[in-house]
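Presented sequentially are two complexes of chain A, the first with chain B as partner and the second with chain C.
Moving on to the complex of A and B:
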């Protein structure tokens, strides 16, 4: 799965592999990738937590299910943000977009009443996706038409979407959603996998296929590594960006629907940090904050690192204030280890 | 050409005329224009604060007060302090603050009080006590009253977890800090884990609760200190398939919590009376302004007025008394005056 890591470089940068990197044996490439390293750290942490937790409780199927459920929404958002980062853009509004999608979806489902849950649910999913996509496209239009940098544009829509969500919800969380949404999907497990985790994993996998097997991935990276060159080679940059923002917004919409089914209510006060958490997960997994490098495999290992840390430290009974310190230390350690082993990383620079 | 000295004198005269007006004191014209009272809260999208707003509006209408309700949608004390500072520039006759920090509001509140603007605190005491008075639920009494419920639900054994909201907020911590020593004494065989914080996020509360379930095979009870935490914990307990083994209790009675009570997924929840809080705070400011027509610095006091609370359970959730403790989502269905 690490083959999903693609790199397009237009100029040799010290922190990236040399131009002949693609000639390296595939196995070595996989072993050398950040995603694999972070995945290794994930495994080590899981083993450590497994040993420390009472009766190895962290390594039980119930614990894995909980991890999967906790990771579902984060994986969707991180997958989306990795694509955007690859294209040299960012979206801070993902958390608000998730919230707005879930609020509009909830309003619609509740308005159908208890009688027609099936129809209401299908429409609910579609509306969540549509709202997510709309917010994404608006982000894309602000960036491409109004020429506002995506950092500022999405910081603005972060507030706007959250404001609209509160207005639509009437300032209070929406209740009255059919319980079956939660029992038959939001917290339902099939073959040992929670359904939301299954959906998120499937979307992640499809994104990898899209990225790997179509020209889309290459174009996206071209946008991120050298926008001017991409434009001169005939790429319709603006259209690409708008569609990309739309796609990422759709992911947020789907995460919004999952949130709705998991809790059978909305959470107006609860999604402010979701976007930042997604960016962190993607970057830890090896996606560059500055465009041109996406690691979708790393999105999974980065998301899992956050979830494993958060869950594991509680499972072993560490008090919350020490958890904050431990999470910070592990994050710095994980990223600096990765920097050390890279060609041109800290170690080589010191030896130069 | 205007000479600089004349100009300076004119500005001084204008300033002198403006200062009394800017001091915010309800002066002689108070009899003709209604008192302007500003209520600053945080988390204005939370049903608890929506209910306070409804109560405050009912009382303001009754007394003929011009009420402004404002505040951030987040639980950020910094944003709330900023809002109070900005609102104080609009020269209200009186202010009510539902502070999300005990200490952060000191400067701005004491400044207002010095200028003659009475400030009443709602839901949290200020340290030092800079406000005119405080209306609050006795969270310690409410939390402590859950002791017998905890004993009943756990049989005095096993493990109990606490999923709290934020750190540095006694409105939250009072809900469990008094309860823990009582339980240690009454149920010595019950293990109580240190609180985990979920910061108003249902998703974080679910993550925390599922990890607590994994790490504590003998977990029997989760105590969520407020609404989103209860929703997250309920989802995690259901996902683990442990609803019969692990019980959930909470504080507050937001609409999602009422739903959980009705579905039997929440064994008990302490409801506050935010509607009455809203009414009483507006009334207090109004009465102070009436009694002090000439203004002057307002004397701060550490006096506290406790508002009622009630333990809701699935058994009585459909009762008339329970109904009066449910938090509102909009003022359309607000009750008539209760004070």
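Moving on to the complex of A and C:
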């Protein structure tokens, strides 16, 4: 590392431009950001699907509501994973955490026979959040206490949580949840916005405030940027990590509750890839996989990209499996473009 | 710093010893740091420089001997302990978070919260931190493009300067600097040396551990040379020479030179 710095220092010519790169106009920065680019692609895609779809069916308010509803759970998971990635950690278990939360929540709601909206809703929310938080905290404890890298720790809990969920559910999906969950929340719209989308969007906004304005956001980024420096600055690194894993797990629990209320049943087969999809969305939006760089705007645009492709392909009558291919291609393109544009990125590393 | 000698030392090591298993890293080392004085600590690899630094900044505890401040004997169990008696350390790796801005690095772990109700939400006041960072940098005549740029966009010399400024900001008694010029080119090294001088002029005791003997001899007031874990030479800068320092480092005795000639 010393040698690298020295080379830059003795050859002053290439070392100068980056210092001004961020000092330029803030508007320029926004226009240059990956999140903005992906937003642009989102809008173009929506227009394209709108034109291709029969009678412009993709650009109706009904279609937008479906988009919002489909984006809600994904947005929660991607928001969480972006925070963890920023702190230099990862959580692969979010999908099965969501599943476990929804299964335990459903089980309790059904067994309590909660007929009234109020009890069912409150019980469901609390149980889902608690299960999600617990799985998250367990992840955090494995990482900080047992010193297992989060990639491995959460790979383990991915399987464990999914196994527990299937055992608790008894091998088949739990049905018979009160319809009110669905009609009063899961598929209800207010002012044209589905309530789950509203909740997810609110969580996303609050997370931005937390991340941009509080000292926890700053410290989170420091953890991912230089763990040793964070430690030497007196931060209680392990405590921060456990709480962060817990918070992100809580997001997964909330997503689990939303899943229950949308479909009034659990979905044992459906969430295996949710965690990976969340990581994909966050990374497409410009969040670094290696810590220190988070784009919460990019989380929204990356999530929307996945959802627009998925719904759009269905509307124009193509197989939704094309979405998987498209997202994979976009992921590679986004990350590679990002590397090239960034000072200190791939290009400058090759030139060095 | 002629007046330095009359004051009580802001930090003194008294007969410090430290062993790792059978290896005696430090033996009977005593030294005193005075405010406003720059002490250069030289020594070959394995001479005990880094062990001594670790004992002084709280990373390690000596097996024998003790540390003393004007307030009395102290035991430093952590970097935080050292900071609480007014000593900060500039580590060789600088301990900066490259993705954070200059002001965020300056205040990491000691953030200033908003002065109104928002402080209860742990919302920070970047404006206030920017103001104080700016003032601290100007105080040491450090020129950075902006306190809001990311540290990764600074040059090596600017990063070093920032690390020194941060240490100076949070120190009330002294700064330990580990190889402050090792990663730098000639021009940046000179700038950092000026910076070291201005921190000392502000009344801080400065100890510089370095291999950059020529350059550091130019700014130091006193020289200490470690060899095999013991002090091989301690002299005021006016009473010694580069030759003597290097001889002390490698254990090259006067008699040997006489024999050779």
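Everything that follows uses one rule, which is that the second predicted complex is superposed on the first by the 293 of 352 C-alpha atoms of A that agree within 3 Å, B and C clash if a C-alpha of one lies under 4 Å from a C-alpha of the other, contacts with A are read in each partner's own complex, and residues count from 1 in each chain.
Convention: a contact is a pair of C-beta atoms (placed from the backbone, for glycine too) under 8 Å apart; a residue touches a chain by one contact, two chains touch by 3 or more.
The structure displayed is predicted, hence computed values, not measured ones.
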- Item | First, second, both or neither for A:226, with chain B first and chain C second | second
Task: Look at A:267 in the shared chain and tell me whether it touches chain B only, chain C only, both, or neither; answer first, second, both or neither.
output: first
Looking at the overlay, does A:218 come into contact with chain B only (first), chain C only (second), both, or neither?
second
Max touched-residue count on chain A (chain B vs chain C) belongs to chain B
Exercise for the section: May I ask you to decide whether A:235 touches chain B, chain C, both, or neither, giving the answer as first, second, both or neither? Expected result: second
Task = With the two complexes superposed on chain A, say which partner A:194 touches: chain B (first), chain C (second), both, or neither.
result = first
Quiz item: Of the two partner chains, chain B (first) and chain C (second), which one does A:61 touch, if any: first, second, both, or neither?
Solution: neither
Residue set of chain B touching chain A in the complex reads 43-47, 50, 73-75, 167, 193-197, 199-204, 206-208, 210-217, 227-228, 231-232, 235-236, 238-240, 254-256, 258-259, 263, 328-330
The chain C residues in contact with chain A across the complex are 79-80, 91, 93-100, 104-105, 108-111, 113, 118, 121-124, 145-146, 148-150, 152-157, 182-185, 188
Interface with chain C, chain A side, in the complex: residues 1-2, 5-6, 8-10, 15, 18-23, 213-216, 218-219, 221-222, 224-226, 228-230, 232-235, 291-293, 343-344
So, in the complex, the side of chain A touching chain B is made of residues 53-55, 57-58, 60, 62-63, 65-66, 69-70, 73, 162-163, 166, 169-173, 175-176, 179, 182-183, 186-187, 189, 194, 259, 262-265, 267-272, 307, 310-312, 314-317, 319-321
